[in-house]
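Next up: some structures, all given as structure tokens.
Across the two complexes that follow, subunit A remains constant while its partner is subunit B and subsequently subunit C.
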Partner chain A sequence: MVRASLMLLKDAGRGFCNSLSQMLVCPLSKQPLRYSEETNSLISDAIGVSFPIKDGIPCLVPMDGKIIEADDMPKTDDAADLSSKNNQ
Partner chain B sequence: MAVCIPLPSCRFRHRPVRSSLERQELFGRIAPVYDNLNDLLSLGQHRIWKRMTVSWTGVKMGECALDLCCGSGDLAFLLSEKVGSNGKVTGLDFSKEQLSIASCRQGLAPNACYNNIEWVEGDALELPFSDGYFDAITMGYGLRNVVDKERAMQEMFRVLKPGSRVSVLDFNKSTQPFTNLIQEWMIDNVVVPVATGYGLAKEYEYLKSSIKEFLTGKELERLALQVGFSNARHYEISGGLMGNLVATR
Partner chain C sequence: MLCQFCHTFFSGFKEIPEEEKSRMVGNVFSNVASNYDLMNDLMSAGLHRLWKDRLVSKLNPFPGMKHLDVAGGTGDVAFRILETLNSVKSRATQDSLDDNLHEETQIFVCDINPKMLNVGQKRALERGLGEDKSLIWVEGDAEALNYKDNSMDGYTIAFGIRNVTHIEKVLAEAYRVLKRGGRFLCLELSHVEVPVFKELYDYYSFSIIPAVGEVVAGDRDSYQYLVESIRRFPSQETFASMIAAAGFQKVEYENLVGGVVAIHSGLKI
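== the complex of A and B ==
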């Protein structure tokens, strides 16, 4: 048990494997997720929810999702298109 | 703010003894000693049962496999050996603590092919995978613990490729009174006393009620067929104390 705790501390810095995001989908909408390096999270643009990544492990339990406020949306072309479509 | 979606109704869903959150916390508490207790309580036999579970999937080199309710990773590591470095294994669990241990075990292992495993924290009732992605799915001692068995089977069906298999290992809810008696005796007189030594008496007392609430082998076969699997067979192992459902999409 002590050995496992020490290994947990050693493992804390492991990064997220970007290729994993290619096979994951939003657990709620089942639509593709987008990896945000800036926030180290997986974004479901379909429903405007972000899911955190902790110690390299994506947290995709629905309750882990956080609704993205409009101000927090990244200023990318895709996000701008989504926003303009919603306003039509 | 978290997003909540109501679960679909299910005639196979029994009123849960504990909520999903309580079960999540339970598995978090037992995580540090889970592996040791599995070895002790089954006298190491769980390793054999899990090898059988993986064999029943028919998974091959280079394929993609999913281990649901992966816990500390036993089945994921076995799948990893089967699919090799050109294959991929995904281990999903709702317990952060169990996944941390799985990740640590992966890091400690000398075998480089364990690098083909990725861990995901997720809900077996709302899988974060696209339709028809996996060549094989395993679930070890997980189906009995989900609050909606039908929903879990529906999600397994959805993410499985046509023609592929799911292999679900768990305690057997026997229709033979003598087998039930033996199972209950072992839980009361072996499992719980040993767990008490680890300060986990209440967590393992949950086992008896969860088996009572579980489905029999025939009920599991019927559920799999109802959900859409083309073929379903439940095998009793270890004298009927354990069982393994094998269903083909």
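== the complex of A and C ==
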């Protein structure tokens, strides 16, 4: 295995290395996550939810998930969308 | 008393619906985080350290293992696993194959409470493990884990399972993420049936512990919650049957200090 891929980058903004992406998945869909450098978050493409990374710690509790589509919608709909998602 | 079937439980004489439980538990651990380790030392007269040592020795960590420590917030179990592996490494002849294996070791410390994880990160630094790339801190929910099926060689949960709302979900998730041949280990406060000792232990729990919590941590309620949660937790036998119901084989338990704590284990075949 290439040594470089084993280096674990824990600090926020330094990236989500290969070995971690092989182990961590979305807590809701159990599908792979994709790191988004611009938002410093982990995206679950399977269900369109993003999870934040705070102080280098991925926050992968279901309640931390934010629906991505909500960003394109007016603010008042965000809370309704998220609460209806969480009530499913 | 706990009603395991309708998932309501009682704090003192007050009934708490399950949707309230995780909020209450969250508050308890946010309040206790900074004093957590000190209170553990005081309440158990330092014995919790031996109990955790025993848990890790039963685990038999090996270099290159993928391990998940759930509700591991302040890092006690994870540090012990790493230190066990590091001491083996320094005694063995240096060999490039071994080096590669050690680099593959991953210990995920999973906790639902970020304050507990932050305390853990600080303690890792104090212990000289801050730069260890094997230690990975993740905020996660034991009832809905963020790991792939069949990905972990070991799973530990120390003093965490009595705080979850749905024990069966936690056990099911533990089973899911473990590899075939993987081991489940749970260290938890349990039930004492030894005559006389039981009465002494009850007195200690209900009269002494909350008072110490008040003096040391300024928080009587959280420690009152603690002692009640211990009494509500299923007995050793009942918990063992729940572990078996989740699919684990070779389910066993070992009582320590007459049942004050028990270590339950199971194997995923």
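Before moving on, here are some points about what is shown:
We adopt the following convention: the second predicted complex is superposed on the first by the 50 of 88 C-alpha atoms of A that agree within 3 Å, B and C clash if a C-alpha of one lies under 4 Å from a C-alpha of the other, contacts with A are read in each partner's own complex, and residues count from 1 in each chain.
Here is the rule we use: a contact is a pair of C-beta atoms (placed from the backbone, for glycine too) under 8 Å apart; a residue touches a chain by one contact, two chains touch by 3 or more.
Keep in mind that what you see is a predicted model, and the values were worked out from it rather than measured.
In the superposition on chain A, A:Ile67 makes contact with subunit B only, not with subunit C. In the superposed model, A:Ile47 makes contact with subunit B only, not with subunit C.
By the touch criterion stated above, A:Ile57 is placed in contact with subunit B and with subunit C alike.
In the superposition on chain A, the residues of subunit A contacting both subunit B and subunit C are 1, 7-8, 10, 20, 23-28, 30, 54-64.
Those residues of subunit A lying in contact with subunit B across their complex are 1, 4, 7-8, 10-11, 14, 17, 20, 23-28, 30, 33, 47, 49, 54-67. Within the complex formed with subunit A, the subunit B residues making contact are 1-5, 32-33, 90, 94, 96, 99-101, 103-104, 107-108, 118-123, 126-131, 133.
Residue ranges of subunit A in contact with subunit C, taken from their complex: 1, 3, 6-8, 10, 19-20, 22-28, 30, 54-64. For subunit C in complex with subunit A, the residues that touch the partner chain are 66, 100, 103-104, 106, 108, 112, 114, 117-118, 121, 133-134, 136-141, 144-149, 151.
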